[in-house]
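These are the structures in question, set out in turn.
Both complexes shown next keep chain A, but they swap its partner, so chain B is in the first and chain C is in the second.
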Partner chain A sequence: MAIEDDVLVIGGGIAGATAALAAAERDARVRLVTYKQSTLRHASGLIDILGYTPAGDGPLIDPFDALEDLPEGHPYERVGAETVRDALSFFDDVAGDAYAGEHTDANALVPTHGGTVKPTARYPASTAAGLASDPRDALLVGFETLPDFEAPLAAAHLEAAGAPFETRGVTLSFPGIVRDDAKVTRYAHLLDQDETVETAAGTTTAREALAERVRSQLDDEPRVGFPAVLGDERADEVRADLADAIGVDVFEVPMGPPSLPGMRLEDLLYDALEAAGVAVTSGVPVIDYETNGDADRIDRVVVDRHGAEIPHRADQYVLATGGLVGKGVRSERDRVFEPIFDCHVSHAEDRYDWFVDDVFGDQPYARFGLAPDRELRPLDATDDPEFANLRAAGAVLGGYDFAAEKSGAGVSLATGYAAGRRAGEECGD
Partner chain B sequence: MAHDTEVLVLGGGSTGCGIARDLAMRGLEVTLVERGNLTDGTTGRMHGLLHSGGRYAVSDQASATECIEENEVLREIAGHCVEMTGGLFVQRPEDPDDYFREKLEGCRECNIPARVLSGREAREVEPYLAKDVKRAIEVPDGAVDPFRLCVANAIDAENHGARIETHAEVVDLLRDGDDIYGVKVRHDSGPGKRTHGASGTTEEITADYVVNATGAWAGQIGAMANLDVEVRPSKGVMTIMNVRQVDTVINRCRPKGDADIVVPHETTAILGTTDEEVDDPDDYPEEEWEVDHMIDTLSELVPILQEARTIRSFWGVRPLYEPPGTGTDDPTDITRDFFLLDHDERDGVAGMSSIVGGKFTTYRMMAEQISDHVCDKLGVTASCATAEEPLPGSENISVLEDGMDDFGLRSPIARRSKQRLGSRAADVLDTDAANPVICQCEGVTRAEIQDAISQSGSDLNAVRIRTRASMGNCQGGFCCQNMANELHPEYDEPTVRAALDELFQERWKGERHALWGEQLSQAMLNYALHATTMNRDNDPASAADPIGYEAFDGGRTRTEPRTDGGQ
Partner chain C sequence: MSDAEQPTDDHVPGDDEFEPIQVFPQAEDMDLRPGADNCYKCSTCDTNCPVAEVDDEFPGPKFQGPEQWRLKRQDDHDIDDSVMKCSNCMRCDSACPSEVPLSQMHNTARGEYVDEQMSTISREYLRNRMLANYRKLAPLAATFPRTANFVMGLSATKWMGEKLLGITSEREFPDFATETFREWWTKRGGAQVESEEKRIAYFHGCYSNYNTPEVAKALVRVYEHFGYEIMVPEQSCSGTPMFANGMLDDARRAAETNVRELGAAIADGADIVASCSSCSMSLRQEYPELFDFAGTETVAENTWDAVEFLRVHEDLEGALEGTSVEDSNFAYHAPCHSRNQGLDGQTIEIMDRIDGVEAEDVGDSCSGISGTYGWKAEKYETSMKIGEEMFDHMEDADAETGLTECPTCSMQMEHGTGYEITHTLEVLEDALVGARSE
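Now for the complex of A and B:
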């Protein structure tokens, strides 16, 4: 017998989780199925709405100002500027104290591990004290066993970027890390558990030992930045303890993968899904679907659960399987396609037209994805909805370059929210 | 007239570096100038095959004999650059029996160890060979790292007193009547190791004798003195797979044709190649069909290549040459032999010879013959020792591997580092400082990166070819930034940024040709990491206009800033 729900969301990143939460808010019975680990572990954990226009203007002080002028077909244009605001408020409610930035429409500028600054609308609480648009001086602390973050170089880069304060960087050894190749989760775990460590001065705890090393480097800076390894499950407590022991504000600098802020965001969303009563099935791919008699509605999808093919039937479906990175959009030598429902993906026939020669140029491949109508139903090659009860959200959508615009999380939120809300409404009809 | 050096070698490929090492070992004063990095031309753009000679055993037996001789020499003197994989000449049902027989006889005539395997035996050696492969000839082909080998020659030349100048482009030949006495070079950033962003200078370097070893670019050098050096550059494409589908070199056993070889190389396999004459060695089309042709044709031998992940493609140009009047139309018919053009004898212009043609496997033998010629010109009687003296890294490898500690590294990483560094491993890896892995795909640690930086300045592409860092699956997406971090604090922030930008662009250049499937996903991820997380596409430090920071969100107003300093 098929598993029956009102709304079935396929995909477990920001877009899928938001869609499921928004649908559940409409009293629908919602299930979310995900296959692979979400790409949030690659992501910085920052929630950007729009940092640069598609024409490259920016950094934008107020992302909402620019939403009205986006080209037709851009996911924000599809859902409308008001929905973007609503979705962000929705996120603010879900995130609570874990994220900051809701007190203003203005973007914040957040230093990241290369020492550049990046415009973003919401940032994790762990990052809040580190904004480059905050004029206080800063000390950056790197660790000799963490080659991703060279603190003195990042400090020099911030200066070159014109940051309005003095930054120094120092490189220390991390107390309790004995292997040169410890994973970032090991650093976080040491601090979470406040493990006992050996230092030259004797036995102490990881947090105290780290604070002690940093205190001796401090030169009146009112804030200290670390690579994003300050705890996982108890990150707030770790940060507060370090701030108390060092006597200054403490912040994290977002890093590349595996990214603890991204993983913490994932945890936050999954906690919210559980609280909202959404059924979540992880680690299973959707491998097929069946339509009803007219072929314009999806009747059910087939989920491969460890070799057993389990039909899942719902009234409404949301496709949030990600883009090229998340494999919601795939390609072969001569075509680009959406692998579950084979929704239309527009692309040049010749794959040498999928790219331009400048790595940071206007890359056609970065815009690959589904083109939806204003209800986020994917359109076929003749601009008709592929299915009446399928919506798409997040990076599986095309027509925008999230990397250049710094709009990835924002589009996932806005389209996830819009698709989920709509799905939740329609299943009651 | 004062002179700066006895011999000036133009070109930092395998031939040029081989000549520099040979002459320096003979006690001559040598300067080598190279337009880009070492190996920037043809040497760095080959499939890494150490020929057994089997390939030429029918068409060009003189070359075949040279290859097997040099194959054996390089195993001795450059063990840390060579992997003796063995090779198979594989016959499909449609490939001619006559040719198979000629190949086998040819190998035997040239003293190339060769034996016939049945189709079943061949598939036992290489399980991914096509089911209908008929039979194969086994020969001692191998894989060689052209970067490591070329750099080892340059290092040894330096150890013997030579001056090696990379990023020094020859802009003119110095000529007095019918006598060439040196060159004028433009340094990218000044003499010595390159530093990004440092302004360049020009320098005149005078010499008793000039050797033009610029390969496919030899005609351009010759033209500076109105000399006709008619090289015929011929391009070939190579496509890199992300894993080794085969562990031995797989050749197609048929008379000739494109796309007939797969070379296992470190963690990858390289598919090659085409052979098509081009006008300009710096400017020729790199086309989609060439890549498709590699995959489609070689899939006839190894079917899983059709579905496999490719990580990039690159093109190289062969420095083909044939004596005037031969009139060959098809570049595959042009001999792979090399030619020494003494411009005094040939053109009445003294002081310079040009080396053209030739092939990588016999670079040392070519260098020896050219060095003999140069010594003859200069009246020097010293003899060649390059066939006996191991290259730096290849002394006592077996002794070393038996007794060496693993330097606290995880064992697969230690093993790979030792393979790359050979006998230099102890010197490079024996450090008290933290030694984390910088490039995860290829297992390259900080100590190796720092060693390469000490050899090559801020040039991260030079670091790359010495270490393989950024050459794995992610094509630098995850490690370019970390490699650049290693330049600091020796190099300042703008220099590091310029070096990072250059490496990232270079990695993209080859990846563009593999933009489908897994590698397109990887490309998107790389782009997202660098543009989204790091905002490197809109880096405010590189922007024309400063940002008005005060207009952006500076955080919630704080109640009481901390000033207690922990007290």
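Now for the complex of A and C:
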């Protein structure tokens, strides 16, 4: 017996989760199989659509303006601007109050931990009070034990970047943390559970102790920014409590990996999957596929579960296994390839043409990935769909450079939505 | 064959570049460098570690694994004693996007630490050895179960346990059954179904034999319902508590027995099924990672989780269609060792098929007990802090009974919430065979 479903999504990052949700909306019986944890754990939790054009122009004020001019083969060009909008509103419905930004087409400007300002389309509610377009002065608070965020430096950078308000940075010790390499989850847990901590003034709770330290540093600023460690499970409650106790607005500055806002987004998506009745199998990879005589239809895929090979059968498949980081696309000395279905990945014959010497240059490898048709079916070397019932979404696709364009989550969302919706529509046809 | 292939090969096609450096005779001598070199310090593992989340003194899996490995290779570094704070939940394993064999590194580091740095007459060593070899004590207790339950429950015993051995007095010792599963099995005359084609060998492990034979009996009835001939081979502890305590020699002895006996059952045409997720994890992953007896791989490849086996080999969902169990609401916790095997969603999917059953997943946090870990006086607080999230979710769930597949998780669930806890196989038994009979 195989495990049977209508739609099988392979890969559990933002692309796979969105595809599964979109397919489930079409009343399909959907399963998502994912192996290791996705890049959501590293990503900032911001949903970037497009911050810069492929030619490097930007930061863009309205990403939708620029969508029309993208080159042929860009994932947004494949699905079309309308679908990008639909996908965003689909995301807005899933995220509810947890995300903001849907009131405008324009990019929001979110301060980052390095003190730069990042153009993004949707941002977690926890960063909302920190937007750089907001004219209110801000105090940034860093922690001695968290070297990735140097508040005074970030504040200076923000000022230098021309933010329309004054920013000051202070570095404090975090009540209850003694290790200088404590994990971000440790900070979050302390605040989530509001654990008891010892301070010079006696025993108190983590939230109260932190608020107390910040209060004494405040110089009339109406908002305070912290690195994004303010709780995990109960982040909203933590932030509200801190704001209450300090008496000002509180926001989080997105941090580098590993990232709590990314983890919270992951939780949000997986809660939505559960609510939508999507079956999730995680911790095990898909390693192979079989056709059923009919060479251009996938009959089943094989999931490797610690040595035992478990067949999973569905009518439609979505491949959302990520790029070189997620290992959906792999490289060896002399080839770049997609490991499950061996879909065609176009790249130069000579590996010395895969990159250019200038590390900041336009790197061909950044665009490696599958080339799909407008229905997101991966194409073979002669531009025919590899399989009739396989679509691809997210970082496994080529033709875009998410890091340079600031389009990572947006492309995964838009293509995941498009692929999942199609798969859901087509199954049973 | 070379066991060294196992550690870093994650079976994803296209990984064939990895060349094992050497074949190792002993776990402690393994060369895990290629695995360590895969680490690109992304810290994903650290954010998944339930111990690092609550314990300020634990440096986390990245340090325990690849970093400590490198340190050790550079000069004569001792293993850092923090490795004893790792609970062997193996969450870091499935977190790492780069195939670093973290839990294998921790297991070997712990083995080396215990061998070389821990005094064999220290209280900690004796206590750990006793906890790890629970199976050795269990038969004695099972011979006089009532007396044992009585003595274990005495406050004086608990006080002595804490003072003399460092076993927390906060917990209730699990009761010993008045009749072990194996006694019941012999009394009923062994297998009642014979079949050439459908045959399984049951790895019951220690807990369902001595403490919860009702789980083992449920397995028997469910499998016989599907027409399976059941074998109950001789067996030893799966070794999980021994790995977690760095008692690799004890684990090796146990594994040798299991591989031999289960291997023989496989030769007789059986697949191996286990009802405890740590047992199946151990046979499937830890054995091939740590040992190289003949047949280790065969046992790993032919071992299944009991429910998963039925899903793949029988139409379990079809069979459950139309069955019902009287109003039962469960708060389900997926054990870490089920997650690792890709089984985390399985129970909810199966329960959905039974009328009258509502099972609610209580989230992805670790229960915190991790086998013997939460029994140690100095770890008790950490263990309860880790469990807090699960307790909260259980209290919030619309259920009065807990559901899980791991015996120690079930102790922790009960301890933290006062709920009664049952096993998935028991619910399947109710649905498929009807009310439990003796």
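Here, the second predicted complex is superposed on the first by the 428 of 429 C-alpha atoms of A that agree within 3 Å, B and C clash if a C-alpha of one lies under 4 Å from a C-alpha of the other, contacts with A are read in each partner's own complex, and residues count from 1 in each chain.
The rule we apply is simple: contacts are C-beta pairs under 8 Å (C-beta built on N, C-alpha and C of every residue); 3 or more make two chains touch, one makes a residue touch a chain.
Please read these numbers as outputs of a predicted model, since none were measured by experiment.
**Student:** Considering only touches as defined above, state whether A:162 meets chain B (first), chain C (second), both or neither.
**Tutor:** Only chain B; A:162 stays clear of chain C.
**Student:** In the overlaid three-chain picture, which partner chain does A:397 touch, first (chain B) or second (chain C), both, or neither?
**Tutor:** Neither: A:397 stays clear of chain B and chain C.
**Student:** Between chain B and chain C, which makes contact with more of the residues in chain A?
**Tutor:** Ranking chain B and chain C by residues of chain A touched puts B first.
**Student:** On the A-aligned overlay, A:189 touches which partner chain: chain B = first, chain C = second, or both, or neither?
**Tutor:** second
**Student:** A:233 contacts which: chain B (first), chain C (second), both, neither?
**Tutor:** second
**Student:** A:283 in the overlay: touching chain B, chain C, both, or neither? Say first, second, both or neither.
**Tutor:** Only chain C is touched by A:283; chain B is not.
**Student:** Quick check on the superposed pair: does A:50 touch chain B, chain C, both, or neither? Answer first, second, both or neither.
**Tutor:** neither
**Student:** A:133 contacts which: chain B (first), chain C (second), both, neither?
**Tutor:** A:133 contacts chain B only, not chain C.
**Student:** What is the contact status of A:408 with respect to chain B (first) and chain C (second): first, second, both, or neither?
**Tutor:** In the superposition, A:408 touches chain B alone.
**Student:** Taking the superposition on A as described, I'd like to know which of chain B and chain C A:345 touches: first, second, both or neither.
**Tutor:** Neither chain B nor chain C is touched by A:345.
**Student:** Does any part of chain A touch chain B in one structure and chain C in the other, and if so which residues?
**Tutor:** 42, 181, 257, 325, 327, 330, 332
**Student:** For the complex, which residues does chain C have touching chain A?
**Tutor:** Residue list for chain C touching chain A: 10-15, 17, 42-44, 46-49, 52-54, 56-57, 59-60, 63, 94-97, 284-285, 288, 297, 300-302, 304, 308, 311-315, 339-346, 349, 361, 364, 385, 388-389.
**Student:** So in the complex, the part of chain A that touches chain B is made up of which residues?
**Tutor:** Residues of chain A touching chain B: 42-44, 48, 51-52, 56, 58-59, 61, 100-101, 103-104, 106-109, 112-119, 128-129, 131-136, 144-150, 152-153, 156-157, 159-164, 173, 180-181, 211, 215, 218, 220, 222, 243, 245-249, 254-257, 323-325, 327, 330-333, 350-352, 354-355, 357-360, 363, 365-366, 402-404, 406, 408.
**Student:** Any idea which chain A residues touch chain C in the complex?
**Tutor:** 1, 3, 33, 35-37, 39, 41-42, 176-179, 181-186, 188-189, 193, 233, 257-258, 263, 270, 274, 279-285, 287-288, 303-308, 310, 325-327, 330, 332, 337, 339-340
**Student:** What does chain B use to touch chain A in their complex?
**Tutor:** 287-288, 292, 295, 408-410, 433-438, 445-446, 478, 481-482, 485-486, 488-489, 492-494, 496-497, 504-505, 508-509, 512, 515-517, 520-521, 523-525, 527-541, 546-556, 561-567
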